[in-house]
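Naming follows writing order (A, B, C, D, E, F, G and H), and every chain is counted from residue 1.
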Amino acid sequence: MQPPATPDEGTVHLGHSRIDVDRRARTGDPEVVFGAGKSPQQVVEILTTLHAAHPDTAVLATRLSPESLDAVEQHLPGAVADRLARTAVLGPLPPARGLVQVVAAGTSDGPVAAEATVTAQVHGARVERIDDVGVAGIHRLLAVRDRFTEADCLVVVAGMEGALPSVVAGLVGVPLVGVPTSVGYGTGAGGLAALLSMLNSCAPGVVVVNVDNGYGAGVHAARVARASARAAAAPAADGGQAVLS
Amino acid sequence: MQPPATPDEGTVHLGHSRIDVDRRARTGDPEVVFGAGKSPQQVVEILTTLHAAHPDTAVLATRLSPESLDAVEQHLPGAVADRLARTAVLGPLPPARGLVQVVAAGTSDGPVAAEATVTAQVHGARVERIDDVGVAGIHRLLAVRDRFTEADCLVVVAGMEGALPSVVAGLVGVPLVGVPTSVGYGTGAGGLAALLSMLNSCAPGVVVVNVDNGYGAGVHAARVARASARAAAAPAADGGQAVLS
Amino acid sequence: MQPPATPDEGTVHLGHSRIDVDRRARTGDPEVVFGAGKSPQQVVEILTTLHAAHPDTAVLATRLSPESLDAVEQHLPGAVADRLARTAVLGPLPPARGLVQVVAAGTSDGPVAAEATVTAQVHGARVERIDDVGVAGIHRLLAVRDRFTEADCLVVVAGMEGALPSVVAGLVGVPLVGVPTSVGYGTGAGGLAALLSMLNSCAPGVVVVNVDNGYGAGVHAARVARASARAAAAPAADGGQAVLS
Amino acid sequence: MQPPATPDEGTVHLGHSRIDVDRRARTGDPEVVFGAGKSPQQVVEILTTLHAAHPDTAVLATRLSPESLDAVEQHLPGAVADRLARTAVLGPLPPARGLVQVVAAGTSDGPVAAEATVTAQVHGARVERIDDVGVAGIHRLLAVRDRFTEADCLVVVAGMEGALPSVVAGLVGVPLVGVPTSVGYGTGAGGLAALLSMLNSCAPGVVVVNVDNGYGAGVHAARVARASARAAAAPAADGGQAVLS
Amino acid sequence: MQPPATPDEGTVHLGHSRIDVDRRARTGDPEVVFGAGKSPQQVVEILTTLHAAHPDTAVLATRLSPESLDAVEQHLPGAVADRLARTAVLGPLPPARGLVQVVAAGTSDGPVAAEATVTAQVHGARVERIDDVGVAGIHRLLAVRDRFTEADCLVVVAGMEGALPSVVAGLVGVPLVGVPTSVGYGTGAGGLAALLSMLNSCAPGVVVVNVDNGYGAGVHAARVARASARAAAAPAADGGQAVLS
Amino acid sequence: MQPPATPDEGTVHLGHSRIDVDRRARTGDPEVVFGAGKSPQQVVEILTTLHAAHPDTAVLATRLSPESLDAVEQHLPGAVADRLARTAVLGPLPPARGLVQVVAAGTSDGPVAAEATVTAQVHGARVERIDDVGVAGIHRLLAVRDRFTEADCLVVVAGMEGALPSVVAGLVGVPLVGVPTSVGYGTGAGGLAALLSMLNSCAPGVVVVNVDNGYGAGVHAARVARASARAAAAPAADGGQAVLS
Amino acid sequence: MQPPATPDEGTVHLGHSRIDVDRRARTGDPEVVFGAGKSPQQVVEILTTLHAAHPDTAVLATRLSPESLDAVEQHLPGAVADRLARTAVLGPLPPARGLVQVVAAGTSDGPVAAEATVTAQVHGARVERIDDVGVAGIHRLLAVRDRFTEADCLVVVAGMEGALPSVVAGLVGVPLVGVPTSVGYGTGAGGLAALLSMLNSCAPGVVVVNVDNGYGAGVHAARVARASARAAAAPAADGGQAVLS
Amino acid sequence: MQPPATPDEGTVHLGHSRIDVDRRARTGDPEVVFGAGKSPQQVVEILTTLHAAHPDTAVLATRLSPESLDAVEQHLPGAVADRLARTAVLGPLPPARGLVQVVAAGTSDGPVAAEATVTAQVHGARVERIDDVGVAGIHRLLAVRDRFTEADCLVVVAGMEGALPSVVAGLVGVPLVGVPTSVGYGTGAGGLAALLSMLNSCAPGVVVVNVDNGYGAGVHAARVARASARAAAAPAADGGQAVLS
């Protein structure tokens, strides 16, 4: 593998792409490589470059092909690859602030839930997983409802009819992100049914990301958790009696 | 109003339409007038004609405009008009066989639930209504779950994300028809989200009708109830040990 | 193959999924494995686990890949695999109560009709098949119309323009489930044309399931048949003269 | 009303539009005014202009508003206005050559069937109407099937699930044009279900026009009839034994 | 290969399908095998069966895979296979009556045009091909416009924006069937743009078939040609002066 | 106006609907009336009932018609009606905790931004408005970018191409909810373009609500702010060094 | 009318909106008011404000309601209102540089063509109109083809099947913008067919704007013309022999 | 390889296609081969034929498969193949007149930007590339904004939410073509989100081509540049004071 390029003014020029190594300063988020469409060698090279620029914190790669995961494991022994989530993480995780719960309806939603989990961890949140609580067996969901109130943000992953976020959002007032998955067939193929279901939730306050976008949900959820932690470190931010603007 | 035409060979020729007065013999269902796009006078005339052909059982008119409902009340004092369901019924109801429960998620789903209710009654079923049990307040639904097992068929009406049939179908093994309603806005306008949600239910055995089609759901549910009653009057129909064909 | 896990509180934890072994008590339906996306080993393992929990009645696996069907035949000699339906059944069938007729328009609709057939049998109904009665040769359909009145529930399977349920529902008053299939090309590819056709049937009482969802139709149809049988065992359920609510 | 403009080189310039008075020579079809979006005065003016250019044969106006129909009746006493078809015809009809049958599924399809009827007559065909033969009452359709073989071209009009053309095309080998109508609601609103149904017909040789386009179907059907008549006037056109090109 | 089954009452039962050998008597069309989804052996078997039932006229197979075409050539030496059209024809063609012109916009539309051509020939029409006359080079189209008037029916095949039928239909009054093809990419992928374009043609009388459905267009066009020939053999069918119904 | 009904077990039964007065205890959110489809009298009655059950905190009504706003102002002098937001608020606002910024692209997005603003205030957040910062004049957006870092949650409202959330989310790491609006025409009519744009944002962590759903965005944003405040009142919640699960 | 506000730092704050009066310096384009959704008084006020800031050049208002057009004519006697284009122009036009031809398929496309015309003139181009050259009468189009070569940019407006840009772009190499219009019905309603047709044109180099967006096409076309003029005033810009990058 | 066919009357007949060698005289554009669906041998053959007819200027082939690129490199040593753009160019480039800037949002948009680049060069423009300026890192875009004013036409390529053209068009008044790319997943798959975003841009004057159609954008942009150069060679084309038509 060729040696990584030298960072310059917040941008690193590799042969195949320009890497924005300034994003962290701008947004507080770690650097991320979107692995789809990139060769195994490119993935390894970008991870190496980003890690060299930020040796003190984790960088994340998502949507990795099996070949890219193989290459990461072979060339970057310090990286942690996750075959289910299709991710790799290189460098130490940040301190975990706040709690994100990732709730999944069924076994088939596992890969997307795993991507959300790894992403939220790399973005600085503690994560709990709650699995197999689909709405067709509501008793399993109700058995864990008390746990939901402990979370700073919920990520609720479901395919097929995508009803789970509506039911969970009716149980607690915790901020909640719905993630539709492309699990299904016929009119549900591609996740359209689940996406529309979540966008039209009868429960208030459900926000949504694109189909299978566990990464986006993980980023948002971790940001919410980080905001909680930031507030905890500062004096109480009560703004007094509100007035309607 | 001009006098109704004379029935002839199973068909009545009015000026504006040919009425099939033979349907009942063919399918066991009552005669029905689809009122959308028909003038108040036409509605009254067709109801009168069908009632004359079948004085011993109810005929049903659906999708009536306020003007048509006014005309029915004025010209057909024996008819029962329902402003919410937008229906009118003329003639005695058949004996009620079996039990249909019509379950509605929210207040806005009321008109469709009412259409399903009247339809099932005219088609020979007893009907119970269970209202305001949307999934965003799951405790209200669970409070009535034991009642569901008493039904011969469930008609579950919901708009927005349309999750209610999935949750109910996970609770009981009763035959269940989902009815999506056009309640909603944005991407949910027109009922598409609810329809797709029900078609892609993760709970097994949910069948679906078109958006706002309370009539179709009522017909199917009543037929299921009638089948139950027919079986009850006959010797037990156990077919012995099944074999895979 | 590793030994199956031990059931505990209605749920079995295998390495890859949590199995709900309580569903039968809740809904009266048998246990089912949705085989899509599962490895042959996982399918065999789950079937084994479910069968151990319910040795006295059949468990069903659907959407099996050819490899999973091979594995079932090799490792579970007591199972019955159906290559056309892509199903496997392990354990004795329940007594057959009521009659479901599965009606298919054309040869290409065969796999979906077969899935509906096996499903209804495993869910406790007797099943008859009526094939190749597409609407483009209406004489073949009319030749069998008298048989339709014997059914407790009809499952009507059709691709392309999906007109068959409309025609059949105009002939008899038996409860009828339409199953659109993804047979077709151009604008009909994916089954959208057939699905919309059935949702918009001019014949009253047609209910619909998702494209290619023979399983869902089979469950509903068998439930209708079971309801008929339950009624037959109890005193007549006539509710007296109905009243409009 | 201002006096009509003078024709010049196949085009007449009115204040509001340029009228192509040469189309008849080019295609053999009569002149037609598409009335949608035109004022009553414009409709009258264009009809007057076209009639002056072609006094020996009919000109047709379609999609007329009630106000335009009023204006035509008031200002053009020689014109024949049809309130159902929303058409007006000015000038003598051409000789009727060949037979077009316009077949309609239900009462609501009447306006589109009427537009097809008038159009085919103005384009030189004899037209028969066959109404209320929807597929939900297949016996009414079968009662008239022998008549279909007499037609040179069939125009089959249906809304909702749009199944009628498939059934008719399975009965006879006559050229057949399907016309989907916007009759319906929910997913069928706008005629999409009927259009897709006809495009995906399992019966061979069904051709289709746009939703509610009775005019287009009438033009095509009359052209087919005219072709038949042209052939009848000439010596037999048998091309001998065909060869595969 | 196993010996073909024996015909019985208009239907032949092979192991895998029931063949309707009565269609020709009913519609005048030849027998056709839709080859998609059928194995090479099944195609050969059905062709053999149909040819045995109708040795005096051609049977047609469409949508054949390369493997099925190989099998036809190997096992049925009397058959004519067309690799571009993906068709096979077995048995003598009927006499050619009337003229169908198949007009194609570009080279990529060739397979669909070829399917329409073979189909029309097997259904009894003489066929001429006019190729590479897309609207982006309108001079090539105008160079052949005089030939269009000789046709009894035009089949106009185009992908991408599908404008060719509109332009041709503006030039002549011959019956015209548009065939959209799935040639294109982006929003045009799948033929939707071409289909909508043809359905919304500003030229009157354009009728349309499903995307890539050269077969359907060929059947319709040949029927129009056969109608012309039938008329030619009979006394002139002038219906006298038409009257508006 | 009839006197309000008596609360009972968390539910109040009015003639027209059952009101859930228990939601606040369950989720911490205030009571809300969705005004669409309700009569002015019903809106007033439900607001009165909810206010009687919760006199110490605000209740909110959204999507009010002008007539309902009139009725609220006439009958409930203590209520604050907002004509732009189409909302009414009755009862004292809760203390404002945390800061929500509502950012709007253009003047036409004002009503949706106003609904989000009022909702977030009623749900307990302080709100700042930043208007007219559409991406076509990027200098206006950059002029206020430093303010964004002060917010606990951003609500970014945009119609047409909906690009604003992507640009803002690239500037700061604050949790951000995009709200597409139905401002636009042609292919953008109904807000589809803006919705898809936000779902597919190239900036990480953008979450989305349904078109025009300012209410949903306001609920989520206020919940995020409340979470921040809850954390501030408790000891620091640092979870120590995270580990990849 | 209240006196207009004072400009300040490139932005004028009226009560209802902030006006960007700096756009001209940034892009060279004039100021424009999008009138949809604005009251007549607001339109007049904004036009007055913009004209005060830029008295030496025209400002444009588009999508004006009849009431706004009335108000403009009453309150701004110096303005030129166009009822067909639904525009108003206040202030002197810029010098006309370059030639834009606006080509329209039919009479119904007139309003969109008029909007494009006025827009291009206000943005500094000379404009010629060529009307009624739809593809169904190709001879009219060919009669004017030589004129197309004189234009610096063509704006081609068409509804229904939208084929005109493809045909024109095949005739000349002039830059060409297609504008689909919402003229049509059925599947063509809303302009989707025309939009897709233009996006998928088989003629190279056709660019497209949103449905009915005559304004956008006018801006682009005038910019192309201004670029031509700018080049004419400078020394020749030949870049020498190109090299493939 | 067989020898190329002889040109004749502006058309060359190869075995597999008719080549229009007259297009250059008609439109001033070079000859182009659309390589999708053509075999490597066909591509080489057509390039050879076109080059023989126009040896003094470049011919272009697009959408070449890797195999076709291999064949071009092997058989046509004078050709320049571009693996990223999937193009091949044979013959000398024309003189470069005017400047096209091709601006790309991200690395994944590279192939489409490369196709636009090569196309514009072959069509006679000088091209500059500006890469990796996506809106999520707006500082990179602002760093290059001054360069945009030097272009005669901008081609702006973006996938996902496709916001880049809106932002760029708000910065400068240069003619701008947006090219949506199929980069993305979920609801963005296929480029629909980016396409709708660009069609609905809030910035005036953005014109659009089909998804991934770098070729079409390159043709239009080069034509704009050629128009600029043509104007530069002629006397100033100021048309004097414009008048509203």
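Note that in this section contacts are C-beta pairs under 8 Å (C-beta built on N, C-alpha and C of every residue); 3 or more make two chains touch, one makes a residue touch a chain.
Composition by chain, UniProt nomenclature: A, B, C, D, E, F, G, H = Nickel pincer cofactor biosynthesis protein LarB.
No experiment lies behind these values; they were computed from the predicted model shown.
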Steps needed, at fewest, to go from chain E to chain H via touching chains: 1
Touching chain C and also chain H, the following chains: A, E
Chain pair repeating E-H, as identified from D-G, G-H or C-D when over half of the contact pairs by residue number coincide: D-G
Chain pair showing more contacts of the two, C-D and D-G: C-D
Gap in Å, rounded to a whole number, between the CA centres of chain H and chain D: 45
Interchain centroid distance [CA atoms averaged], chain B/chain F, Å: 38
Junction residues of chain G, two or more chains touched: 26, 137, 170-171, 186-188, 192, 195, 199-200, 204, 210
Touching chain combinations (by label order): A-B, A-C, A-F, A-H, B-C, B-D, B-F, C-D, C-E, D-E, D-G, E-G, E-H, F-G, F-H, G-H
Chain B partner contacts - residues on chain F that touch it in the complex: 11, 16-18, 20, 22-23, 26, 36-37, 180, 182, 190-192, 195, 210-213
List of chain D residues in touch with chain B within their complex: 107-108, 131-132, 137, 140, 183, 185-189
Chain H partner contacts - residues on chain F that touch it in the complex: 105-106, 134-138, 142, 159-163, 166-167, 169-171, 184, 186-188, 192-194, 196-204
Of chain C, residues touching chain B in the complex: 26-29, 32, 80, 82, 89, 92-99, 117-118, 121, 124-127, 129, 152-153, 170-177, 195, 199-200, 204-210, 215-217, 219-220, 223-224, 226-245
